[in-house]
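See structure below.
To keep things simple, chains are lettered A, B, C, D and E as they appear, and every chain counts its residues starting from 1.
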Amino acid sequence: MTLLSIDWFFIIEKVLLISGVLVLSLVVAMYSTWGERKVAAWIQDRLGPNRAGFMGLLQPLADGGKLFFKEEIIPTNANRFLFVLGPSIAMLVACMTSAVIPWGDTLVIAGRPVSLQIADVNIGILFIFGVVSMGVYGIMIGGWASNNKYSLLASVRAASQIISYELPMGLALIALLMLTGSLSLKDIVEQQRHGLWNVVYQPLGFFIFLVCAFAECNRAPFDLPEAENELNGGYHLEYSSMKLGFFLFAEYINMFISSALIATMYFGGYAFPYMDKLGLDPNMVTILGFVALFLKTLFFIFFFMWVRWTVPRFRYDQLMRLGWKIMIPLALVNMLITGALVLARQH
Amino acid sequence: MPVQYYIFLSIALFCIGVMGVLMRRNAIIIFMCIELMLNAVNLLMVSFSKMWADAGRVDAGSAQLFVFFIMVVAAAEVAVGLAIITMVYRNTHSVDINILNRLKN
Amino acid sequence: MNALISTALSGVVLMFVGLFVRNKQHIKFFAIAAILIAFIANLAQYPSVEQGGYIMYGMIEVTKFGVLFNAVALGATLLYFLLSGSEFEKVGEHVADYFALIFFILAGISLATSFSNLLMLFLAIEIMSIPQYILAGADKKSLKSNEASLKYFLMGSFSTGILLMGITLIYGAAGTFDISALGLGAESVHPLALCGIILMVFALSFKVSAVPFHFWTPDVYDGSPTVFTSFMSTVVKAGGFVAFLRMFHTSFAGGSISGHWTLILSIITAATLILGNFSAVFQQSVKRMLAYSSIAQAGFMLFAVVAMNNMGTQGIILYSAAYSIATIGVFAVLMKLKDYTFEGFNGLARKEPLLAAAVAVFLFSLAGIPITAGFFAKYFVLSAAIEHGHILWLVIIAVLCAAISVYYYFRVIIAMYFKQGEPEVEPVSGGFKAALILAVALVLVLGLFPNLLLCWM
Amino acid sequence: MLTVLLILIPFIAGLIAFGLKGSGPKVLGMISSLATVVLAIGSWCRFRTAPDSLNFVANWIPQLGSQFRVGLDGMGVMLCLLTAIASLLVFITIYNRNYEKANAFYGLMLLSQAGLTGVFTAFDALQFYIFWELALIPVYFLCSLWGGEKRIAVTFKFFVYTFLGSLLMLVGIIYIYFQTPDHSFSWASFTSAALNPDDQKWLFWLFFVAFAIKMPVFPFHTWQPDTYEQSPTPVTMILSGVMVKMGLFGVIRWLLPVVPQGAAMWSDVAIVLCIIGIIYASCIAMVQNDLKRLIAYSSIAHIGLMCAAIFANNEQSLQGVMVQMFNHGINIIGLWIIVEVIQNRLGIKNLDQMGGMAQKAPRMAIFLVIISLANIGLPLTNGFIGEFLMFSGLFQYNHWFMAFAGLGIILSAVYTLGMIQKVIFGEGNELTETTTDLRPGETLALSLVVIMIIVLGVYPKPMLDLVSGTSDVVSKLF
Amino acid sequence: MHIKLKTSCTRRRFFSFRLVKKDNILNPNRFDIWSTYSIFAHSDNVFIGKLMYTETVFLSATTTPFSYFPIVLQLIAALGFVGITMLATHFLGPKRKTSDKLINFESGIEQKGNARQPVAIKYFLTAILFVLFDVEVIFFYPYAVNFRELGWEGFTAVLMFVGFFLCGFIYITKKGALKWED
């Protein structure tokens, strides 16, 4: 299996897929900002952006373009290298997570099976877990490099929060792993395709994962690190132009990926009811599957926003108590109950 | 890839770690070098595990378990070590181990 | 096995005792009760191993030797608690936690006496080491304590790295972690294993502070709170030796290569003896002197490892008992004094005859004067080396060093008995005196009838 | 059992003495030493009728093949008697002195007596070693607590010297132990161990150094004059009267029979060392101004002669040495008693400041003369027979050695007579004017010494008979 | 310090990949899939012993290093995207720097002291506890993969482990390590 005897079609196929996924994530992220404002407006009974383009649809493009042309400011006291490194890592991590998510089943193009998953590795969940936990570097480095008290405080908060919620998240995933026996996301989806969605077996696990996902993405009600009124905007206080954009984008991409992940792990991913009984062309099923996954993901993105404008922000001590004293024991209990039930069923 | 590559890589990492421990003066960096040594060992352990598994040893998995234990112990050391370094820092406002020689006698 | 379980559980229990019991005296009683239970539980296992040991899950081998050594370690700790248990309060707030950490160390020691797998060796060494890093730094305000802790930690984890590399290389050569199946005593040894063994020797020497890997010892022992130095330099060090001994005896015994190891180890031993003794001579503080003397005593215990025979195995048990009891006793009295220098002992015999007499007996024991346990301890390790046959030069060095050791041990006796002075001594309780007399009695009884301990072997 | 009692009585008395107050320790010490003298004489009688009944064996450390094995042969009986008499004499002499912390003083004295008896009765090598060390500890404390100004450094040197020596011996003992056929420490096993000559070559030195330090033989003697000088005189009596005999005893009991080939190989070297020591010590003694040091050096010279005679390798010289061990002990104790008296009266040790004491203390002067002559080895005193036998033995071995050793006798006469002259004759000074004669206790002790000197000088046969058995056994094994 | 902590935990995850293995052949029956995950054959030993001394297959052919190749491609793509964007924004934006603009923003008031001061020990404690508990959590991963084979016996062992886990947890809680409101 050397690189010389490589299948070039495979490379091209993967390159196209990667570009597709990256563009998709960016577009979704961009329009999430628009969505966010629209949802907020809707919930608060106002209009939201409506000037740039139809229903303000060009607003994200304008925002993005503006970021490019803003002045790049690096404070004199900051560590220049780390200052640039911070947002880069945040963005990089956000872009890497999508690699193991199965966006759909296999397409057959010109007799060639083309998987809609960039890489089907047997440790998919762990990969995501690993990459996501790198994300804290971006925040930490960015906050520290700014040499600003607010930034530093925010980044320390963020780091504490993220690592605290990683524990219950990991435990919730262990319960899932006990059920599926596989860490490959593809397998997990395939199992759900032929059976019930995992949320049925793992309601508690789903809930824990969902809460943790909120905390991991620094989304309200856990958006302490960027609490505007106490921290002047948090760890990206000193940032401007596209570096600020990266931090913001990364957050939205993370939200997108988290939603996709929740959909994949607990809601069947690209599977939808009766998909194997419709008698459609396999390619058609695959495309429908992708659409199904996308819709589920959009729903969760909406859910993220919905919560943001519904639930007030937690206090930091409440946040930590929830994470350590409620989520961790809950996740442990969930794991043990899952294990016991699976064993009981086996015998 | 032949296992020798892994051995050489690990030994190289290990030696970098050892040199770091012996030459650096910053307690945190020394500590990171120690971690590097442990990780070099982990890598080597896993490669040996693979090597013996290929050679047909049925219990080659034990080396991978060993790696788990090394990680656990490393974590415990991280916890204790960082606490100690913090304590020293709070008292001396420095993590330079040369400061320790001042404390002698 | 019982010792392992009971000490580990006791550790956990004491952690929680600290949460719920406020009175520090009560915590001490809890600890003493726990160690008594562990001691009895350990002895209860003796009948089952009397005829021969057994291996559990390929990880732990319960042997007579292990049970006996655990008994010594637990007994010495019991004595330590009785003598110095109330000193814990002076170190800091977290008395129960200190006790708990000591129990965890004991769990590590009992693992070190019974491992049959390199994984367990590694764990044993780490379980023994990590709590020590904390104990060394327990006096958080003292810069010396901080220094000791940091130094010990850095050096300790460095040696852990080396130990692990050694284990890994041996695994690479042998394909197993089972110490009895390593086959390192065979005619030809894989070069990887050779490197591995050397690294392991280095790392273990580090843990038992053998020269040239001893440099951390004096500073650490000097800087740590005295009450913990007392424990670290005795029971824990002996535990390290047992790990060393077990590893070497099981894996290398009877092999044709043992000649090479004997040479390397002999050189280490000789260096340890010479350096430990000569450095101890020049110390002004008794605490520091004891630190160096612990290096010197380590040299004697290394004999047992070098000799690799039955005599050595018995010797290490007796040596551990004799050395631990005596050193714990000296430290216990030392802690009652304000001044840790030799001058601080001036005239102690007049002011506190009992304390002085006890210290004198302990120092006799450390110096190896007959009718104290220390004599037979030295006798056994020297016998082991002489029986081995090829290291007589080492034996001669050892006795020369033993004569030097008299010099610094007797400095304390001279100060106590032959010099005038008004030492500042804290008032000692009746319980303390009783425990001290118990320790003296133990030293003397073991010195007269060492077979009381060895008949169990 | 008799033998065990010889050890146990002083041991228990010593322990009890620590707890007594006032004159209790004194009385106890007297009683105990009297009892041991009686017992020692009793064991002498027993030895003539049923020697085997003096042996006692009990289990001690069976795993090691070590037993509590005590016994007495002729030499043992003689030395036990010497020990008992020596401590009796010491206690009589110092009965009127009041020592600070008398309980500890008497306790330690008695303990050292127990240790010494233990050494002389041990027939198990490990036990021998243990008693060897144990005899040292009380003496060390005695010297350091009640000694002169420089006592701490000096006695410490003494301790480290002897301790080092004995550790070397321990190595030798353990080595031989592994060579014994039955892995036992008993004397019988040791003498029957098949040691090859190469081993004996170095084993000899391990033992010899230990014994040589104790005796002391040149060049291991440097601790001795200082220690004798700094120690309180009662302790010096024990040291020079009994303790140095441990070295000689060790050579006869444990060195010659156990490593005979080694001893044969090195005997010339040993004798040369001894002779150097004799001449060297005598020369120093001649120019010595300090009374205690003078006697100390004379002791080195005498011991050197005895040691040389041991290595002369024949029955006659051995017999001579053993007799001389006893007699030298008696004589030197006598000398020390007089030194003690002088020091007690004058408070000085410097010979130049003395003189004319014959007028003020005539009894003391007479005793001094008799004892000194005995020390030189004048016929009809006890010193003669031993020296005669030793010289004839040495003569048989090598004329030249005999000639050089004979020089020692002449020199000994020179400095001893010089000392007598300086102490009791000549002009008195204001210091010696104040002196008083012997007190009853001192007179009693010195009379006992002189009686023994004369009786044994005139009729040495019982002594010779007593030790002939031992010398026979040893010279055959050798 | 946080940075260091994160290194150790991330590294751990990457390494733990190697233990977990699965058979990539899909089986339509999900309950049968489970049986194909037998990494460790059955044996009579107890938990740890079982893990250590039973037959194990590692890194089976279905997952080769090559499976990770697309991830490398994606990494290159992401790096390219980030790098180009960073460069572009560097050159595109205007540059009108003044010293006031380049000092740190502290709500408009004058800057006081250095920002890089030690933060509350609580954060540090959280990080340490995270490391410890996360490491305990990684022990569940191999167990979760194999727990069917280990059966109830393994389950009791894990219950014990969880028991100790909880002991530690209760201990730190009682010690007030997680008390933020003070």
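One rule holds in what follows: a contact is a pair of C-beta atoms (placed from the backbone, for glycine too) under 8 Å apart; a residue touches a chain by one contact, two chains touch by 3 or more.
Note that the coordinates shown come from a computational prediction; the quantities given were computed from them, not determined experimentally.
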Joint neighbours of subunit D and subunit A, given as chain labels: none
Busiest interface, counted in C-beta pairs: A-E
Chain centre separation in whole Å, for subunit E relative to subunit D (CA means): 80
Subunit A-subunit B separation of Cα centroids, rounded to whole Å: 33
Whole-Å separation of chain centres (CA-atom averages), subunit C against subunit D: 42
CA centroid of subunit A to CA centroid of subunit E, Å: 16
Where subunit B touches two or more other chains, by residue: 31, 59-60, 62, 65, 76, 83
For subunit A, residues that touch 2 or more chains besides their own: none
Subunit E residues counted as touching two or more neighbouring chains: 5, 16, 48, 52-53, 134
Complete list of chain pairs which touch one another: A-E, B-C, B-E, C-D, C-E
In the complex with subunit E, residue positions of subunit B that touch it: 28, 31-32, 35, 39, 42, 46, 49-50, 53, 58-62, 64-65, 67-68, 71-72, 74-76, 78-79, 82-83, 86, 89-90
In the complex, subunit E residues that touch subunit B: 1, 4-5, 7-8, 11-12, 15-16, 18-19, 40, 48, 51-59, 118, 121, 124, 128, 131-132, 134-136, 138-139, 142
Interface residues, subunit E side, partner subunit A - complex: 2-3, 5-6, 9-10, 13-14, 16-17, 20-22, 24, 26, 28-30, 33-34, 37, 62-71, 73-75, 77-79, 81-83, 85-86, 88-90, 92-97, 99, 101-107, 114-116, 119, 123, 126-127, 130, 133-134, 137, 140-141, 144-145, 147-148, 151-152, 155, 158-159, 162, 165-166, 169, 173, 178, 180-181
Touching residues on subunit D, where the partner in the complex is subunit C: 60-64, 126, 129-130, 133-134, 137, 141, 144-145, 151-152, 156, 159-160, 163-164, 167-168, 170-171, 174-175, 177-178
Residue ranges of subunit C touching subunit E (in the complex, touch as defined): 12, 15-16, 19, 57-59, 119
